[in-house]
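Chains here go by letter, A, B, C, D and E, matching the order in which they are written, and residues are numbered from 1 within each.
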Amino acid sequence: MNSDISIVALSLQIALVATAVTLPVGMLVAWLLVRKQFRGKFVLDVFVSLPLALPPVVVGYALLWLVGTNGWIGRLSESVFGSTLAFTWIAAVLAAAIVSLPLVVRSFAAALAGVDPRLEVAARGLGAGSIRTFLTITLPLAYRGVIAGVLLGFVRALSEFGATIIVAGNIPGRTQTLPSAIFTRISAGDTDDAWRLALVSVVLGVIALAVHNWLLKRTANGISSSNGGSR
Amino acid sequence: NSGNEVPLIFAAASVSDVLTESAAIYERETGMQVEFSFGGSLTLANQIAKFGAPADGVFFVGEEPKTILGELVNPVPEGSIGLVNTLLVIGFKDAEHVGTLSDLAASDAQVVIADPALAPAGQFAKQALESAGVWQDIENDLIFAVDVRAVLAAVESGNSDYGIVYRTDAFGSDSVSIMSEIYEGYSPIIYVGRSVKLAENSASAVEFFEFLSKSPTVRDVFESAGFTIGFAGEAGT
Amino acid sequence: MISFDIRLNRPEFSLSAKGEFDDGITAVFGPSGAGKSSLLNCLAGSIKPSDGWVTLDGATLYSGPDGVWVSPEKRRIGTVYQDGALFPHLSVRKNIEFGWKLLPEDQRRLDPVEIAELLGLTHLLDRAPNELSGGERQRVAIARALATSPALLLLDEPLASLDAARRGSILNYLSRVHTEFSMPMIYVSHSVSEVVSIASSAMLLRDGEVQGFDRPSTLLLGAASAGDEFESFDNILDGVIGDSTDHLTTVRVGDVNISTRHQNKNLGDRVVVSLGANQIILASDEPKNLSARNIFKGSVSEIWSNTGKVFTEIDVGEKFIVELTENALNDLGITVGQNVFLVFKSSSVDVYDA
Amino acid sequence: MISFDIRLNRPEFSLSAKGEFDDGITAVFGPSGAGKSSLLNCLAGSIKPSDGWVTLDGATLYSGPDGVWVSPEKRRIGTVYQDGALFPHLSVRKNIEFGWKLLPEDQRRLDPVEIAELLGLTHLLDRAPNELSGGERQRVAIARALATSPALLLLDEPLASLDAARRGSILNYLSRVHTEFSMPMIYVSHSVSEVVSIASSAMLLRDGEVQGFDRPSTLLLGAASAGDEFESFDNILDGVIGDSTDHLTTVRVGDVNISTRHQNKNLGDRVVVSLGANQIILASDEPKNLSARNIFKGSVSEIWSNTGKVFTEIDVGEKFIVELTENALNDLGITVGQNVFLVFKSSSVDVYDA
Amino acid sequence: MNSDISIVALSLQIALVATAVTLPVGMLVAWLLVRKQFRGKFVLDVFVSLPLALPPVVVGYALLWLVGTNGWIGRLSESVFGSTLAFTWIAAVLAAAIVSLPLVVRSFAAALAGVDPRLEVAARGLGAGSIRTFLTITLPLAYRGVIAGVLLGFVRALSEFGATIIVAGNIPGRTQTLPSAIFTRISAGDTDDAWRLALVSVVLGVIALAVHNWLLKRTANGISSSNGGSR
């Protein structure tokens, strides 16, 4: 049970950090994809979407190459930290962030594109610069897609297994997340234990979903304090 | 020096529970620690051989992983402990009894084994079927599952009538019936520890493996999980 | 002062407008689809013209040839959009304060609370825009733009869905803001009485082309002649409030004292007077025993006709334009130079703050 | 005929309206926020009242007590929304044809192409709504609702952003549709001239309450008295086109022949005449040599005053209401029963199709 | 190479069928979640979102139980087909559909919720029933989220591995999809082959993304034939 708690804690830590990374990155990418025209836009689009098209295991191996002694991330981190990131929790964060980024970007992009540009123009005319306009008008108006994207990304990060186990391993206490723990229990024939941990995953997912719905409702309320009777 | 560091041992997920328990005993009795990363034997071997994963030791079963690792690992020292497993034919609870592999082949029923390309258990099963001379017969009725636990689950859930699994797996399940035990026709199924040649904490890994070989408490743990204990040198590793 | 010479090309429409608007209130009018909103959007920077230039108080806001483009938030131009464009996720209060909050304190010349008060929005401050009626939304849009104390205020049919009373009081408020804060305004409207009561000059657009730019009265006359944008011509005159009784107020226009309905104004207040050309009767002899309070002697200085309507200019010290029928002209035998009497009712005169 | 008695409760507003509208055109007016749009929405089924009932031509559309609710698509009520509510993803053509296509062939009484033509939309048919000007959008909304040949048409300030010429022609078209297809209409507007020219009865709403329901002229007078919804009162009279010259057309109103500007109408056409109460002058002696074409002798039948304005009813065969100042009343010494002369210009009279 | 083609064909078949299933189901669920109030709404929400919170392996085992002789799907299919669905391509479709459903539902829901209800009201007033209104107004206006949801769902189905390999196995020619083929090659040490197949996955992903972008643009154009110069 004690180790259960530390597994959950580590999983949450990894998923939260991954979400904290994908949120701004995803927003930036979505914004670039939706509002900017530039060369290499499709390449960027492909690049962030790739991890969705590949089985996570492949993503895992690709990442392992990158963060390993021969990859550029690996060499960088070796010169900075004195070791590669492979088989550390940071590698798990990387894996989780990369596989959830496509979900986040796609949700954000659909939401941003749906915002009425005339309202942004109106905000500019009232003296708000482009960044402030984005933060105070575009983002709040895109809230449904943003909140959905964060939910998808977070929950996907929480359930990430295939890439994580390759690049971060399955080291109890250091990189063993809920999914890898479940896998280990199943492999060892510890079925009851495995289901118990799966149940924990479900509970975390339900909590995330409940928070998502609450945020959605709260934001919607903030946005229009009542919808009743409005034509 | 580096010999005092905690070694990271890549171990087959199927022996994760017994190894974790042994590590606890190791720490209690010697004060030294050891870390594992669990996975499929082939996956682990590939991580080390092809992607330079930082393992100090490995603990798994089968020829294929060993071939993949080749010269990267040290040979198993004389007298090292080995966890020996055997194969069983299992059946869904109301499946007809089959006594031998030939009966199994003759039954025409769907049979699940682990995928020989993905799991050592599959390779052992394939060897057994081949040496029983029924591989050709049964090939079309075979279903390959990703690993031996998936084989067990397929039979437990009634999706397949028969399956070939390790003895240790079947012991944990009360929803399948054991049809027969297969004693021969495949390489010995032995989980052994090896240290990785150029790894930083290779020596600490060796120390842990030595402890496993010597400790009677550890031996109890292994035996109560259903393994037979063997030692290198005895059974031609 | 805003000057511009812009072209805007769209698949089936092109706008080409050149002008220079002083710091008064300039009306822009013309038929639906003439390009009024497009012009305003080009000035505000909401859309980029295809070519040309725009300068505000000497500073270049846009120049096609030189590639200059000042982004809208740096222009200090406030816009009241035709469709409101309220932020749906912000309360009325936050909508109004949006631009105001972005102003440095020392540039906050108008107080949002006061604006809301004057536009009758106080009880709506905590509502969401989608909980407002059409007219309420329009007023919030006005308040939001005003609160930014812009160097130039653009109003795109801001009063279209308001009742007359509300409309009058807002027009009043706008002209007060205009003078008090010397805030130039550009005002798009289809309503003659609005244009005439508020604007000091007017531009007529049609099919994306400028068809005229003049004093509203002069231009409106032209417009009436050119295609019935308006049904009638109004005389617009500057005046000063004179004596009042319970029921009547005298407004001095030049040397002429006009009787109007009682006005809640002070002696000496500057006002603008509007009097429909079709509400004035001419008499060749001095009329007696008429209910009309305004009877002035003058002489005919000009006669001309336009699409079946006849107009005469009568000089009674001030010049008034009077619409007549051909028959009346002939019956009375009116000719240039002849002495005539102007007759109109005090209730025909509308008085607005200058 | 639509009858209703509904209540609608909102946090800070409640509407309570009861009425029965015949198959003519009924105007609904009242200040901004009075509940006009809300009432229309309740009738159309866009919002569900809190309580009450609505019946159209005898069929119950809504009944709170009986739990009846006919969904909007089954009501055959067309609505022109205040904000247009055009479908942004459909071209103008598809917007207009949206409801028309859903009609069984034999119920398609109006042709979308023709409607578009008459509303001046033909060149815009392939545009997207966001490529239209404000006035163009309003016209598309009208066309879309008309194309469904509804059993009742609701119009919520449909002409707010249109120029006078366009407005006049659309009003004309609407009244033609009304008579030709006997399509009852409910018309929300802030414009007196619109209300008066098109409606046969009118309802005044204020603060969610019905303050009056009567002929538009009668009601508008009350409104003027009650709080300046309108600046002036108009005399609205039924008439028949008489002789025409090049410049003048005579309209027979009862026994009175009124001179108006030249009308492009045929002898015998039924029309409605509108004449502002503040555009009529009274004379105690017969005036001479005036440009005014209309001078009628009559007697004062009533005198009353309202918020500082004095009204007299003069019977010259037909009854006219004339707005006077207190001073004029006193100066001329006008009393009930006295003989007076009505004086007004032919250009003061507006003539509309009946 | 020949077998490559059949692997790709099977993968596409599975992913397309899965998408064909998730599209209407996802739409229905999203519509229920967004526009209806009913008891058990949150349960439904949790239920369709669960597969995202769980590692696919767990979903695979759960599915294996469901399609087994004792599971209700299993009993149904046994009475219909005479056998369980496990280790058939239909099981792979099931797995792919279940893991991609949450992505589809979330995207659809955010998009549907963003449609201005006044336009739906206007359509009703013009005589369109609720279904027609949904199809002609709501759906087209929600197009961005719908298209994004379909992309996410399809690509996720294409890369599905963990659940598929448990419930459908890894039978070349019958249930071996691209991801399982890649995993097999990697495990066998056939790295070159594995990377080649991974590249094929990438190409499929890029094509899907290109189609997505094209659809998005086409629909946007259909919706407003030009945006240039619009305020």
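The definition used in the following text is that a residue touches a chain if its C-beta (ideal position, glycine included) is under 8 Å from a C-beta of that chain, and two chains touch if they have at least 3 such contacts.
Nothing here was measured: the structure is a model prediction, and the numbers come from that model.
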Any chain in contact with subunit A as well as subunit B: E
Reaching subunit C from subunit B through chains that touch each other, fewest steps: 2
Mutual neighbours - chains that touch subunit A and subunit D alike: C, E
Distance from the mean Cα position of subunit C to that of subunit A, given in whole angstrom: 55
Subunit B and subunit D: spacing of chain centres that average the CA atoms, whole Å: 90
Centre-of-Cα separation between subunit D and subunit C, whole angstrom: 25
Rounded Å distance between subunit C and subunit E, as computed from the means of their C-alpha atoms: 59
Shared-contact residues (touching 2 or more other chains) in subunit B: 40, 43
Contacts with 2+ other chains: residues of subunit D: 10, 37, 46, 81, 83, 127, 131
Residues of subunit E engaged with two or more neighbouring chains: 61, 118, 121, 183, 186, 226-227, 230-231
Residue ranges of subunit B in contact with subunit E within the complex: 40, 42-43, 46, 49-50, 68, 92, 110, 112, 115, 117-118, 143-146, 150, 153-154, 156-160
Contact set on subunit A toward subunit C in their complex: 118-119, 121-130, 132-133, 136-137, 140-141, 143, 222-227, 230
Interfacial residue positions of subunit A with respect to subunit E in the complex: 42, 45-46, 49-50, 52-58, 61, 102-103, 106-107, 109-111, 113-114, 117-118, 121, 144-145, 147-148, 151-152, 155-156, 158-162, 178-179, 182-183, 186, 194, 198, 201-202, 204-206, 208-210, 213, 227, 230-231
Touching residues (chain side subunit B, partner subunit A) in the complex: 8, 10, 12-17, 20, 35-40, 43, 47, 51-54, 147, 149, 152, 168-169, 172-173
Subunit D residues within the subunit C interface of the complex: 10, 12, 29-34, 36-38, 82-83, 123, 127, 131-136, 139, 156-157, 160-168, 190, 192, 227-232, 245-248, 259, 261-262, 278-279, 281-285, 287-293, 308-309, 322-329, 331-332, 334, 343, 345-348, 350
